[in-house]
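You will see two complexes here that share chain A, one where it goes with chain B and one where it goes with chain C.
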Partner chain A sequence: MKLLEIYAKMKGDINKIENELERVVSDEQPLLSEAALHLLKAGGKRIRPVFVLLGGKFGTYNLDDLKKVAVTLELIHMASLVHDDVIDDANTRRGQLTVKSKWDNRIAMYTGDYIHGQALTQIAQIKNPKVHEMLSKALVEMCIGEMEQIRYFFNTDQSIRNYLLRIRRKTALLLAISTQLGGIVAGCAPQQYNALYRYGYNVGMAFQIRDDLLDLYGTEKQIGKPPGSDIRQGNITLPVILALEDAQVREPLLAEIKRIHDEGDRADTSRAIEYIRNSEGSQLADELANRYIEKALAVLEHLPSNSARKHLVEIAHFVGKRNY
Partner chain B sequence: MKKYRVADAAAPFVQYDMIQQHTELPVYAEPRLQLLFGALKSSNYSKEQSELYNVVTALVQLGMDTHDLIDTETGQRTEEQMRSRQLKILAGDYFSARFYQLLAKAGEIELIGLLSKAVADVNRLKVSLYEKVQSATLSAEEYLSSRINLKSEMFKPFQRFFEEPLLSAWNELLHYVSRFEVFYEELKDSLAAGGYARSFAYWSLLGMTTTAEEKTLIKQNNYEHLLEKYNIHHVMLDKLHTAHEAIHRLLEHEHFTELKHELHSLMEEMALKVAKYSMKRVEAQ
Partner chain C sequence: MKLLEIYAKMKGDINKIENELERVVSDEQPLLSEAALHLLKAGGKRIRPVFVLLGGKFGTYNLDDLKKVAVTLELIHMASLVHDDVIDDANTRRGQLTVKSKWDNRIAMYTGDYIHGQALTQIAQIKNPKVHEMLSKALVEMCIGEMEQIRYFFNTDQSIRNYLLRIRRKTALLLAISTQLGGIVAGCAPQQYNALYRYGYNVGMAFQIRDDLLDLYGTEKQIGKPPGSDIRQGNITLPVILALEDAQVREPLLAEIKRIHDEGDRADTSRAIEYIRNSEGSQLADELANRYIEKALAVLEHLPSNSARKHLVEIAHFVGKRNY
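Now for the complex of A and B:
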């Protein structure tokens, strides 16, 4: 089954979440409403809401509760993207102008804070303390992950462990708690919602590694932003760390990274990308992403065999092969 | 016994070396936080509860105030300028996450909802004010009331935590403390070089000046003599004084003996601030 078929099967509930997302960020203040809806309308895979719904299928599926969790997680993700675009000084996302670019940094900050406020207003309607304990912890970790990413900008001596810890915080945790919170609000037993967490976590790790590879292999049209953005910004990702371990390219790649650092925003990254592509780095990163997918699939063995589990298997395969 | 200070209580939740290394944070909303703490304590909330509510409000307000410092420059930035901007954004997000985590740990889910709704409300007000400032379609009074609302919004949800007569007086007390803070900041900024650009002084002058030449001077931020001509500092000082008097009057209520006691140092600090600017005014004359 293809990813689109999974979405088609869940279409009714996904549409309800989509409508709710639109309702929650539509505001009486016209400019705020337009800015908040701008990113929402640009689309996105809605992977977090899908994970919440699928997690909920392992317990008592109550769409009203699951919808609140799904909307919250997507809004938290959206708010962080609006702020990330100011952090990265990015002009485009998903092929569209960013909020900061269409308006300005100040409007982007207010819009992000507004969406975040609306997100937590939604989740506060869920009274289960466990949900808040897990979500708030993940949010703190996400912020720490972003700060750590900046700490290691242009640091070519960092370890793979360091990178993995960073993407765990930055990406994997929010995906992990998406499946987990779906299970928790559906009343799953701890053994089940912990398995759902581990599934989301491993898929999240693979997702970010693939995302970092796409930045080196994708076209602007495919990835919605200029390729090589990570390295231009100083974000040393796994393929780069691994390429730097390849004696054949280490020295010229280090020199290229230094040049990119010195030249700043407009630096050409094509030669650096070529070095990385010619090293073993990309292949090794790809292999590691696959290992995470295998782990995610193995975790699913601990969950009852149902249609949701089949969908989670398909999604894991999709993330493993993702090339757009 | 050591006196409670919000900066000490919040310190464990705001400290992260990257933040301290790369950027400066705004000051805490001290007068409003002192008002909240005093009101909670005088309403028989435990010290722990009063501190928790105060710290989480301090964190979420600090987060938004930190985001207010983000510049709108689009040109080339140095690496250090970029880091400072980036860390301000992440610091604000981090404080907000910490606010949520503290309340989640304490099981205060209702307050998470109330304060999060207030965050959305504050940002709605900010966008409206920002839009009007950008298009210069604002009167001095509108500017003033927007700024006061922005300061008080995060503290309004606590009204339901109080019983009469504080329940009825809370919004008014909050209004005057916020008003005091706004005028104190406006006075401070108007005396700093270039600080009056797009301030209460600016909007007041724009509404008062009569000649085209004067209006041009205001737009060029070259209008110090106009502040004197139209007596703007005197108006601002008068408003600062009136706000202080109003708080004093409200606290005279027979049931506010304990609240008045709790707010003693806040009132003293305010009196000192009024005296400081009154002296400056006398010296200037």
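Now for the complex of A and C:
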């Protein structure tokens, strides 16, 4: 099943959010609007807004409130992408030029700050203090996750636990609060919004593991940027950590990573990718992603069986699917 | 009167805020904490926290709530400084190495995002929706102000109005909401917190004009970075705009600005500074700063005469004073 088919029944509300995203980032300041709209138009799965809407279906579905939360979370995600592209010195994302590449790093930094600020103007309209508490904590954790990623660049001694903690902060938390805050603003009971949180969290973990695998297995067209970008940048992902535990592969892979580190931005990563693919690492990472999806599906059993739950099942299967 | 003397009677509460600032940015992530503490320890006038506290004195002074607002606003200010240093490629601030210089641009970007995130965890604890609305709008305006500054780099055709709008966004708004939010969380009536806003706004405008003059008149020790940094970077400030209206100076100054633009980072700005000092521009800028101070003082007449008002008068005089 494709994501668009899963989304089909929610199309009306998703379109409203899309329009709202555009409206919120449009401003009299021409460059900020242009940069923000450029980013918005490059698309994306809009999985955070969809999670918010689906979370809201377990309570009193009020699109006005849900829209504000959905727009906030998508904009915060977008703002983090603009800053990540500066850090990663990335020229393309989703096959489009990045803001830092189409304009420059300065514009990208303020565009990120601006989009982030506009996100806050939306959430400021939500009166529930729990929403502000969860969101602000997630924002801090996201920064820590990004910083931990930098700190562990080219560190081939890191543990699986280390990686998992990092992607939890970097990716899974924002997805977790997407479903959760949808539930909270719809007035769900704690038991329900906690289940929604755990669903989002587990799907988020699987999502990031799959994304890290895609960087090793996908084509440039699929990924929207050159394959092997992670390892070139020094981001040691789960399949690499697991491949390093494979005695057959460890030594030559370590030598390759060292060479990539020394050669820098233009280093050829094809041999390293080959080693990782031929190790047990990829399959083990694949299995771990599947385990997170199973956990996400199990959590859904705690929620009433309705069409939203059906959608969440489909999205979990979609995220869990190998797409490379 | 020195700022420390003005602050003397509030020392206890200011120290509590200082400790709280340290606590809030300290985290298990070593690099983020270290970078944030480095910035914090470099000092600063802490004018935003002081404004919050003084604003609070016009209502029911509750240090717990005021502390949260004060810490939020100071951290937001600090976060913007870290990002500005990346943009400005600045190596020193307040005589200390900047985060981007002591570490690198990546660390600086995430340190800024992190401090900003921690600021939000504090304000999230304040239930009053008006606080969130005012703050989030100010954040957006600050970004727009910074972007307008970039947009007008080396633009010698800009108007005074243009400059004033920019510093309003970049500097004055955050100071305006400092006094205002202090009043709001202390339960002041709109008439009072609006007066507090106007006071902070006018002091903020004067503050930025004085700061821009200081960059042309101060010594490296006073400024904490090399003089002439603004013009070298392309930031055409009020004294420059006014000097360009002086027929005696216009042509040679234009030629100097063009040369500085062409030569880039290492351009010698001493001749341009000489032209500006010898024009009527500096004096006119000086007068405008004084006028904002007078407005700030006039606004205070709308507030009850108490010791906080006396402090605000002293601070306005302090900001208004020529310090070069």
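Keep this in mind: the second predicted complex is superposed on the first by the 320 of 324 C-alpha atoms of A that agree within 3 Å, B and C clash if a C-alpha of one lies under 4 Å from a C-alpha of the other, contacts with A are read in each partner's own complex, and residues count from 1 in each chain.
The working rule: a contact is a pair of C-beta atoms (placed from the backbone, for glycine too) under 8 Å apart; a residue touches a chain by one contact, two chains touch by 3 or more.
Since the structure is predicted, the reported quantities are computational estimates derived from the model, not experimental observations.
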Fit-or-clash call for chain B and chain C when the two complexes are aligned on chain A: clash
Partner chain(s) touched by A:M109 [first = chain B, second = chain C, both, neither]: both
Chain B versus chain C as contact partner of A:E146, first or second or both or neither: both
Chain B versus chain C as contact partner of A:D27, first or second or both or neither: both
First (chain B), second (chain C), both or neither touched by A:D64: neither
Touching partner for A:Q125 - first (chain B), second (chain C), both, neither: both
Which of chain B and chain C A:G264 touches, first, second, both or neither: first
On chain A, the residue positions that both chain B and chain C contact, one per complex: 27-29, 31-32, 83, 86-87, 105-107, 109-110, 113-114, 116-118, 120-121, 123-125, 127, 129, 132-133, 135-137, 139-140, 142-144, 146-148, 150-151
Interfacial residue positions of chain C with respect to chain A in the complex: 27, 29, 31-32, 83, 86-87, 105-107, 109-110, 113-114, 116-118, 120-121, 123-125, 127, 129, 132-133, 135-137, 139-140, 142-144, 146-148, 150-151
Interface residues, chain B side, partner chain A - complex: 16, 18-19, 63-64, 67-68, 70-72, 74, 76-77, 82-83, 85-87, 89-90, 92-94, 96-98, 100-101, 103-105, 107, 109-110, 112-113, 116-124, 126-128, 130-131
Residues on chain A engaged by chain B in the complex (per definition of touch): 27-29, 31-32, 35, 80, 83, 86-87, 89, 104-107, 109-111, 113-114, 116-121, 123-127, 129, 132-133, 135-137, 139-140, 142-144, 146-148, 150-151, 264-265
